[in-house]
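I am attaching a structure below and will ask some questions about it afterwards.
First chain written, first letter: the chains are A, B, C and D, and each begins at residue 1.
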């Protein structure tokens, strides 16, 4: 596992991007998930949706080229690709809640054996609110949680049961951490892949969640 | 649609994807905004029985009524059947199971399905025959009927122009049930006058985003 | 009361048009109600909405000027006035059900003391279906029922209680017939005005509904 | 609106129509598509207390956050408050009653009100703190939360262009909550870049029909 944080986060984002299939419609959460857009493999064309009303997000504009009426759900200026379209929030959330988003990639404060996701309230800190995260986690066909395994306070974010307030119950399908890739199955968590230089014990020693390993990793 | 481009095919190829016993939504209001090329192809193919979700049956010799006359429809949710008397005859003969729905309720039931909602709470139909057998829900002291979402296997819709991805624009009252039906089927087939290159539609004016459209079929002007 | 049927129906339509106020947004039912558009008094500008997705209906087009994509809810070709707009059925019925239509003028098979309206099923005849009528009758701020008092079979359409299947319960505010204008109040039916040459007895002898007369008419 | 033309007035005149204790919806998403001229006028006027229905509070020094900082807001339904920390401080101090709502639920609650529906049946929030105190309704074996309609006395919205009747068009993601809020208030005040003559907007592209707009106010570019 890469030692510095940026490299570990890049590994997570790059690995998450490998989950995308040609033609997927994708919603990215704020923070680490947003960086996934920069790692989409060549030959794969995905379309990014943002819940503030755009399908077909492009890269950040060059300085001076910002359009005051064109931001993404994170509040950053964006561009659009050819074939994009705009719509209001009601239409945006119909698309999300109605199952028309193929993949959502969301950050996590905690994620657990049942695929529960907690990503909106940090105890003792300011409540930022709910935003579109609950709808995205509930509505997207496939939900990928991306997070560093360990929180900055040294606790593990992969837990048997979330103790933080949930964003959505049982909606996470895949968890990508800097220690490896873990699938949420009806039979529990299955480690599909370990990050480079990570041993199974590195993972099992840090989380209290029950893990199975798909094969000798 | 989840590919880069919508599939472009003939009406005959497209309607061949509809299987017996499937539920099909078809857009249009008194034949305006109906996908006539697709309907005519479905009549030619003769797939039966199918279930329909439509706002009206058009006429016996034009639009959805042709499917009724051709005895392809076993069941339908529909709002108005007056211009297609054959419907009434097949209802009376017990050959078709017809559920009449207020038009504003019908469009919301379709929307609810496409939008991932559990149903519609509407005052329309309270105190009428429409309320029979349906739950009533009190909200802040007012009563509403709970009407369930309506979903289809295939939606046959009509639009004016498409880009190759499947983004759609409409013209005048051609819209009616089409944009909503596009969202509420597993497979959406759109009949359009013209297909343009990606980027040739103004992103401000796309009314059906391409995620809802799988197949594009050219419109045959009759 | 005018002897011939066309004149009587024209009186009803003209009288209904006098209920419209400048700026009203109006939905007209099929048949007799549609003819109301031809009688809007000078100086009054109303906007006609049709539930198939247009606000700002204009007159019928001249022969040869029909637009195949532009009909009203009755299926007839129409034009639009400047400032018109188009929308889909979901938006059209939100406008209707949400109380954004000021006046609906609807035909009636029966209307009763409670303001109940029956206008979609004639027993023993083909069922035409429901259409938008239930939503219009339920949602419009003010509902005016327009009808000849007597049905072609000689029965009276103004009844104590509707016996035909209802379109909407208790939604009619005003009833305009070829015998007079009747308001539905919480205390029952009140005759506001008699048609020309109609005597109170002409009305009371034909309907079993209880009527009060607003003043000596 | 039920007159022939929308009223055109200044922002100060328009916000003077808002009275203490009223509920005000304000459009915008992270200040994009917010009616800043109206918000700034409402801050100048200082009307308080008011109740808000908004998707976020913008920033403390720009957008809706200015109303919070000016202590004009006693209660709000809101989805995201993270960029306006003052909200959290007033919540913690018990000075503001804040109900956090998932964004997709909030927009449907506003739509339901404008559309005459009795509420929203959504799966969003099931199994989370959001479900507390709310009825759960089973439809076809699936569970949904019943969320009530949200209505306002006044909606302050932002659009790009208007005609003198009040028909509105939008630009890019300026849309967000604005078109829906326009339908759900007794009085809708729209801040626009430009007002054109009736007939100068393409009827195919009007997104908010004029029936929903009462007052037009010019946008002051800051």
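Throughout what follows, contacts are C-beta pairs under 8 Å (C-beta built on N, C-alpha and C of every residue); 3 or more make two chains touch, one makes a residue touch a chain.
All figures in this text were calculated on a predicted structure; none of them were measured in a lab.
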item	value
Chain whose mean Cα position lies farthest from chain C	A
Distance from chain D to chain C - Cα centre to Cα centre, in angstrom	35
Chain B and chain C: spacing of chain centres that average the CA atoms, whole Å	29
Rounded Å distance, chain B centre to chain D centre (Cα mean)	32
Shared interface positions of chain B, touching two or more other chains	108, 111, 115-117, 122-123, 170-172, 204
Where chain A touches two or more other chains, by residue	86-87, 93, 96-97, 138-139
Chain contact graph, described as a line, ring, star, complete graph or other shape	other
Chain pairs that touch, as defined at the top of this document	A-B, A-D, B-C, B-D, C-D
Of all residues in chain C, those that touch chain D in their complex	21-25, 45, 47, 49, 55-56, 80, 82-87, 91, 93-100, 102, 138-139
Chain D residues touching chain A - in the complex, by the definition given at the top	29-30, 32-33, 55-56, 78-83, 85, 88, 91, 100-105, 107-108, 111, 122-130, 170-180, 207
Contact set on chain D toward chain B in their complex	108, 112, 116-123, 137, 139-140, 142, 144, 146, 148-149, 169-172, 204-205
Partner chain C, residues of chain D touching it in the complex	1-4, 111, 113-117, 163, 165, 167, 183, 198-199, 201, 203-204, 206, 209-212
Chain D-touching residues of chain A, taken from the complex the two chains share	50-54, 67-71, 73, 75, 86-90, 93, 96-97, 116, 126-135, 138-139, 165-170
